[in-house]
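Every chain is named by a letter (A, B, C and D) in the order it is written, and numbering of its residues begins at 1.
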Amino acid sequence: MHTQHFFTLLASCPDRVGIVARVAGFIAEHHGWILETSHYADADTGRYFMRIDIKADSLPFHLAEFRRLFAPIAEALQMDWRITDSAVRKRVVILVSRQEHCLYDLLARWQSKELQVEIPCVISNHLDFKGFVEWHGIPFHHIPIGTDTKKEAYAEIQRLYEEVKGDVMVLARYMQIIPPELCEAYPGRIINIHHSFLPSFVGARPYHQAYQRGVKLIGATCHYVTAELDAGPIIEQDTVRIDHGDSVHDLVRYGKDIEKTVLARGLRFHVEDRVLLNGNRTVVFR
Amino acid sequence: MHTQHFFTLLASCPDRVGIVARVAGFIAEHHGWILETSHYADADTGRYFMRIDIKADSLPFHLAEFRRLFAPIAEALQMDWRITDSAVRKRVVILVSRQEHCLYDLLARWQSKELQVEIPCVISNHLDFKGFVEWHGIPFHHIPIGTDTKKEAYAEIQRLYEEVKGDVMVLARYMQIIPPELCEAYPGRIINIHHSFLPSFVGARPYHQAYQRGVKLIGATCHYVTAELDAGPIIEQDTVRIDHGDSVHDLVRYGKDIEKTVLARGLRFHVEDRVLLNGNRTVVFR
Amino acid sequence: MHTQHFFTLLASCPDRVGIVARVAGFIAEHHGWILETSHYADADTGRYFMRIDIKADSLPFHLAEFRRLFAPIAEALQMDWRITDSAVRKRVVILVSRQEHCLYDLLARWQSKELQVEIPCVISNHLDFKGFVEWHGIPFHHIPIGTDTKKEAYAEIQRLYEEVKGDVMVLARYMQIIPPELCEAYPGRIINIHHSFLPSFVGARPYHQAYQRGVKLIGATCHYVTAELDAGPIIEQDTVRIDHGDSVHDLVRYGKDIEKTVLARGLRFHVEDRVLLNGNRTVVFR
Amino acid sequence: MHTQHFFTLLASCPDRVGIVARVAGFIAEHHGWILETSHYADADTGRYFMRIDIKADSLPFHLAEFRRLFAPIAEALQMDWRITDSAVRKRVVILVSRQEHCLYDLLARWQSKELQVEIPCVISNHLDFKGFVEWHGIPFHHIPIGTDTKKEAYAEIQRLYEEVKGDVMVLARYMQIIPPELCEAYPGRIINIHHSFLPSFVGARPYHQAYQRGVKLIGATCHYVTAELDAGPIIEQDTVRIDHGDSVHDLVRYGKDIEKTVLARGLRFHVEDRVLLNGNRTVVFR
């Protein structure tokens, strides 16, 4: 990955002759320097996906003008597209419950600027991490989820997310089921880490399920949240070896290490604009 | 692993104080030299599992006498047990269809004596590998599986397996569903390689299922065959990374590499008497 | 990967504005349908690398005409380039000694057409695999390497390689050191599998070296052969976990599984024109 | 792993007939309940290693009496041995420089009691993590390492380590070379994480070395520190895949994830008394 200031053009459109030529031609015409490009054509659906990083100072204009000038080309190619500025950091709202591993991991990456995002606030249904989060200078909101107050609680979460102008919501082992309305309000913008190798072991207590089935590897899955539980588009997964001697307690412990790594990778792909939705699957330009 | 001539004692029994002392005491009393030992206590079920390799020539007697002398101890401890001789090779009957990768892999390992087994015959519902198998000096039996002749075909397979005194039947991508009666006749003695990371993608065309779900890793599972499809005790599994650019065709190709490796590992564990059944799970003393 | 008939354009040149536009423009102008593209810019050296697959029947001409028409563009961009035809299979000459695993593995892949190459002959300093190779209908040449006859032996190998119009020579655990003159005659065209995770354990008996050092993983490395032993550009590597209980004999056994897989992957990248040399490193467009 | 109160017996001795019988006999005689046992016989050196967990409340006495009663057996078997109490937590002194990932990771594990140790203090040559460490209620000592004050600095570190009765010193990316005298004062008690797959890329800037060599995987190594740089006994290692497109900056980023995981695993093995030295190698009973 390059470390300069750049713009990222993300697009998908029906596949045809001349897409690369048209887009690259436009960039070259304005003396744009291409730093990185990725392409993928889905042979089944006939859809084409692209991601291009352009050195910001090689272009004679800024994003607004890029958008204006590129619009006719995009329209001609029937593109879904967007262009983003690497200098504008995504705003990540983290939701957490009582498990520490993903939260510590994300804050360590944010602290060291490995993960280049803003964290406008952390929201939790418990108070355990209030001090830890605030020590980092990040606002902490305690929103308990009672049986009778669920509706109000999620309304408050949505209000906060809007107020801080969140770009993406991360469920860092939040352990609560997000109501369908919230899922549908932010398609492709709520990221969850599920503690199994989906589609195995959907739902509650996946490590117990894995133990009962006697699998020899366990996994973790980072995915976009949709109204159907644990069925959203998968961004990233990984597995780790276990054996017969490992208790459920051990599975939980091994699992934490891949959960936090898989979530961090998935989130990085998202905030670097490397993920495109392709139906219920994802295109991830690493 | 050691390469000398040895006996392997495999046992499980209710856990209690003094099991190791009793068994090791018996071995020491007869000057038996222990080469390798493994133990596992299942805290949930209170069952204890052990595997001990004893140098053959350190004992003053052979297996029959070992069995006679050890029987009272085993009875006192309520053991399920057996003792095997590393010099007596297991007889592996391979069933194959039209895919070559597992067959080539197993024969290469057999040929180089890495896999120390006898292969009394290979059975197939197709003729593709007749010449290849016979070139290795192994008898090849062609038993087609027609819709109307299934029953007779499996009876013939069972007859052949008994005739050659098979110890284990290996479905090396056999691609046919084994009838329940055959499964139940040989519990823990029929080994299959399933081309998914079970319990994900049970049944037909798992790579197509994996592609549709958009997973980021695919897997393979070596398991004992039971009457319920793809639900038997798992011996070994592994996964490999794929990405959005991989077609079903690519998944099949990547999958072959883990299928053959996982099958070979699982079979080795079995023929080296490293696997014990623990309900529908396995204890694998690597 | 796509399965249609296509041309692959592989090129590298000094990085500058407009390369993609120029090349994609040329292709689009002739109505070429791009199936797959990969790009990489080395920020340290300022060199740009690309690989483009074009559907063969989308172009109005064949390779000779492509070459003629594209030459001025390539010249203007100071390109090292070539274009290949997926219908013309690479000719792979395999050199083998007495270990079977890589040979069986490559022939299984060739047999099933997973590896789409021609194997005009297999050369060995031993006779062990003569029958096995010939059973596949592939000519086998026995060229012993005596202390006094080395020079003649390698001259004969080179003569055979030229005679069968070999595109690439594969040392499938050949276990002999190739003389510098032969290495230099075919830069980027002799592929070796070394049984360690280079640069660890260069030279003889790497598994013994690994055992002595007490490493917890062992590896295998597929690389282009150069005059300096085990120091050529690396195409592919992998590792596998071992533990204190594993003898050198076990390391050899585990190692074989990654050796054959790593060699097969590296060779596939090469024959699919996915590898470009970048000094002593490689660019591998997977 | 079990979660009860237990004692761990760790021992090595010359291999011979009857070791297990003698030790297990002693335990059974006192009604000791064995929770977990591991054994390894090094065929090359003829040395035998064992680790046994005994349920604490199954024995009629405590450690002092165990030691007194077991001593004659240990002497007869020429054992190096020790027995520890799972209720007595190891005291881990962490040394850190300016990189956050290992420190955050270890404190998260300590905080959640996944890593059951005491951390009597953190020592650093920089002030960056003073607030973070102290927020956790752990004393922080700032000991700068100047060119002229090295001797005094390390004397002060040793004094602190002794003062807090440290059991093990962890270099969590401490980035300083420990003087030989300190290494030799605590053999098998100073643990380092090296940011390469040793023995590759010893010394400074291993990621730069890896980038220059063009390897396709990078690694991390957790090892005991000895007077010879990066040459001590290896406890744990792992690797992660990279590709040609990754800059040194990316390698550093990928590397952090395996560094922290490998260090945490190695440290856990150590504090759970799972590691025995076998010359310059380790026996790790997972």
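Definition applied: a residue touches a chain if its C-beta (ideal position, glycine included) is under 8 Å from a C-beta of that chain, and two chains touch if they have at least 3 such contacts.
This is a predicted model, so every value here is computed, not measured.
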Fill in: Superposition rotation for chain B onto chain C, Cα-based, multiple of 5°
180
Worksheet item: Relative to chain B, which chain has the most distant C-alpha mean position?
Response: A
Fill in: Computed distance of Cα centres, chain D from chain B, in Å
36
Item to complete: Mark out which residues of chain A touch at least two other chains, giving numbers and ranges.
Response: 2, 36, 43, 245, 247
Worksheet, complete the sentence: Within their complex, chain A touches chain C through residues 2, 17-22, 24-25, 27-29, 31-37, 39, 41, 43, 58, 241
Worksheet item: Which residues, counting only chain B, touch chain A once they are in their complex?
Response: 40, 43, 197-201, 213-217, 219, 233-239, 243-245, 247, 278, 280-284, 286
Response to the item:
Counting only contacts in the complex, chain D reaches chain A at residues 1-3, 36, 99-101, 104-105, 107-109, 111-112, 114, 131-132, 135, 245-247, 249-250, 253, 256-257, 261, 264
